[in-house]
Amino acid sequence: MADPVLALDGVRKSFGALKVTDGVSFSVAPGELHALIGPNGAGKTTLVHQISGMLRPDAGSIRFRGADITGLSPEKRARAGLARTFQITSTIASLSVLENVALSVQARATHPLALFRNAARDARLNGPAWAAIDAVGLGERAHVPAGRLSHGEKRALEIAMALTLEPAAILLDEPLAGVGHEEGARLIALLKSLKGRYAMLLVEHDMEAVFALADTVSVLVYGRVIASGEPASVRADPTVREAYLGEEG
Amino acid sequence: MTTSLLIVQILNGLQLGVLLFLVAAGLTLVFGVMDFINLAHGVQYMLGAYLAVTFVGLTGSFVLGLLLALAAALVIGLALEFLVFRHLYERDHLDQVLATFGLILLLNQGVKIVWGAAPLSVPVPEFLSGSVRLMDGILYPTYRFALIGAGLAVGGLLWFIVERTRTGMLLRAGASNAPMVSALGVDIRKLFMVVFAFGTMLAGFAGAMAAPILSVEPGMGDTVLILAFVVIVVGGIGSIRGAFVGALIVGLVDTLGRSFMNDLLRLFMSAPSARATGAALSSMLIYLVMAIVLFVRPEGLLPAKGRT
Amino acid sequence: MSAAPTTAGAAGSTQSRPGSRPLLALVLFAALALVPAAVSLGVPAHWLSLVTRAMIFAIAALSLDLILGVGGLVSFGHAAFIGIGAYVTGIMITEGRTETLLILPVLLVVCAIFAAVTGAVSLRTRGVAFIMITLAFGQMVFFLAQALSAYGGDDGLTLYARSTIAGLDIAASRTGFFYIVLGALIGCYGLVCIIVASRFGRVLRAARENATRVTVTGYDVGRVRLIAYVISGMIAGLSGFFLANQTEFVSPAFMSWQRSGELIFMVVLGGVGSLHGAIIGALAFLFAEDVLAGITEHWKAIFGPLIVLFVLFTRGGIVGILARIRGRSDG
């Protein structure tokens, strides 16, 4: 089996007496879509924050493409090819879709902060930006300010921004949360089209989506991974049914 | 000789620290609970001093004058809250800064129109005139002791209210999470009014108490305001304990720096250059302390719990 | 589109896109260029020095708009840079170094260093703490200048000469000096517009709205803001150079904290983040000050309430008001 793109080993994080991440270990192989599920308050978003670098674990290590990134700042992780989306969508509302994506393209450019070059007319930025916009199907909306997009469109925009980082792995924090049925189906189709090209860690509540998309499912309860494996076996696992799936009927 | 000077200067530093604490306490609470930055808070200190001048003069009694000055400062503060501040709570900090800056221009000029531009003073009350003999050859004015004592007493009272009473619990909760408090069903507007009135009184009290030992002049609140900002930033925004510790640090560092920097520098430079460097360095000292604290702990020494 | 009044009103501030009105800026500069001619045709003579002074402050307000309007960093210590620029100029002239080409590099380097050091500390904090800290650092420089007894201390420093360019007095002719300042203003405006439209400017703007997003996209937001802070400080320092030469006097009052507050008001008065708004704001401020000070010595008692009313009842400054009027006439 290929070396994992992303590997967590014994990651721990406490807020005071509360252990929000309690010795989590798992790995994501190249091209694998790994879903992380768990009831509310299980510590999923906290874990994503630690992987993306917005929180620092108290103990344990996070390895990305073979290098230890546990102490790296979020921007350095992003530049190393670890992209993420947010549970509450996070775009720059006043910039257009194209500008948002170009901002992301620019981060990987040789001169990310060129002071005197006009950014709006820069083909080196806009070319790759258009490619990503087309990939997520936002071509028609490229010049609309991000603040005026529908919820699902904002999710797609976030994914486009992640794609331009030429990522080796993408962290998706509940991309379907709050999205209507129709837009949800479109997002699932989008994720399916990306599957196999990127390693993805998908945090999601929508079980239908998870079992339709995931290669591997890990179940997080009270900061611990209680089960991990292929969707069918996880679904059949009695401890999982008891701890989590049971409550959904 | 040097020891006695040191003792006197430590007392002076304490006295400045206590005044700063009284001003900073209101400012940090108002900021912590309402997320409102009130530049005009220093003006309340100035008004306290001017009102003390007027009322002590009118009544001939320091205590009576002080009480009337406090009442009047409170009325003015509440009027400002009603007319201006309450329309700013929902605004961003830029709007708050600008509008309260406008009020400073008005009120600084206003006291010039009413009381004139020349410095005024309040006589030290009879029963606190005299000096206390600390040890051989060291006398320290009784009034200054009273000031330190009064400041510490108010500080203790404040600590009791904030740490031990129900209102105080709401204040602390509000300082770290205002929406949560309003979700608990507390009338947040009323809480704001109480906090604001209280902060105003403290600043006014500091000004009135300082009136007999400092010259009362337009703009006197501005210097104190900026020092109070340093205090708050050093202590941690929204934290009463932080304000207390910060105020003592700033008061002592500033006072001791100004009186001993020269002597210190003369150990390794000539007298004239020590004097020049000492003056420059001691005036910058507290800001350097602030910079160092921030560099090590950007959230301040004793940040309010739950605030990040 | 950049000034759609309905959404802007709801969002709290009318953000007209920087440099989005090249025509307006052009008209503005053309009108300024005509001031000396107007004075010779009978406009009050003191307008020449008043407008010169206003343009000097416009340079400072413009630099503040870069960090405050574009970057979202409310600096309450910006007058310190004017003061440092003025003091470097004043001290060098006092020491017999009047050559502009010598003064400017020194001045820019000193301002850059001060900005880099204080910025590195202040930018570790956000929001209100940033306001308080920049204010405190500004005050630190103010007291430092007061303590400079060798250069006038509290009383300030009167200059016996002005700066020279290749041996020629830059303010020998008041009209000549006017055009030098106008040229500098246009140059700074162009520079800031280019920066705002650049990749760097886009990151700076984006970080104002959503710093987290920009960080996970792969940018070091702190570094971007620090660069902007340093550039802004250097431009403000340049205005101090002109101010020292116009007044032939340098004093701690140049960097009093009220002056920093006035600079913020100029930016807000014109319209935050629009760049040409900062210039309009500075002009409007100095003319208002001139008119009010002519009425009463207590003009601040009128000016203060005007600021309060302005904050409470207008949104988006003069540029925003113009945009609303235009929006209404467009239908």
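Should a chain be cited, it is by its letter among A, B and C, assigned in written order, with residues numbered from 1 in that chain.
We take it that a contact is a pair of C-beta atoms (placed from the backbone, for glycine too) under 8 Å apart; a residue touches a chain by one contact, two chains touch by 3 or more.
Quick caveat, the model's predicted, so the values are computed rather than measured.
Touching subunit A and subunit B at once are the following chains: C. Chain centres defined as mean CA positions place C nearest to the mean of all protein CA atoms.
Greatest centre-to-centre distance from subunit A is found for B, with centres as Cα means. Rounded to a whole number, the gap between the C-alpha centres of subunit A and subunit B is 49 angstrom.
For the pair subunit B and subunit C, the distance between mean C-alpha positions equals 31 Å. Per-chain CA centroids place subunit A at a distance of 42 Å from subunit C. By the touch criterion stated above, subunit C contacts subunit B in their complex at residues 12-13, 68, 74, 76, 118, 121-122, 124-125, 127-129, 131-133, 135-137, 139-140, 143-144, 146-150, 257-258, 261, 264-265, 268, 272, 298, 300-301, 303-308, 310-312. Put simply, subunit B touches subunit C in their complex at residues 31, 35, 37, 39, 84, 87-88, 91-95, 97-99, 101-110, 112-113, 222, 226, 229-230, 232-233, 237, 276, 279-280, 283-284, 287-288, 290-291, 294-295, 298.
If you check the complex, the residues on subunit C that touch subunit A are 15, 194-195, 197-203, 205-206, 209-210, 212-221, 224, 227. Every residue of subunit A that touches subunit C in the complex is listed here, in rising order: 52, 54, 73-75, 78-79, 83-84, 86, 90-95, 99-100, 102-104, 106-109, 111-120, 122, 125, 161, 165.
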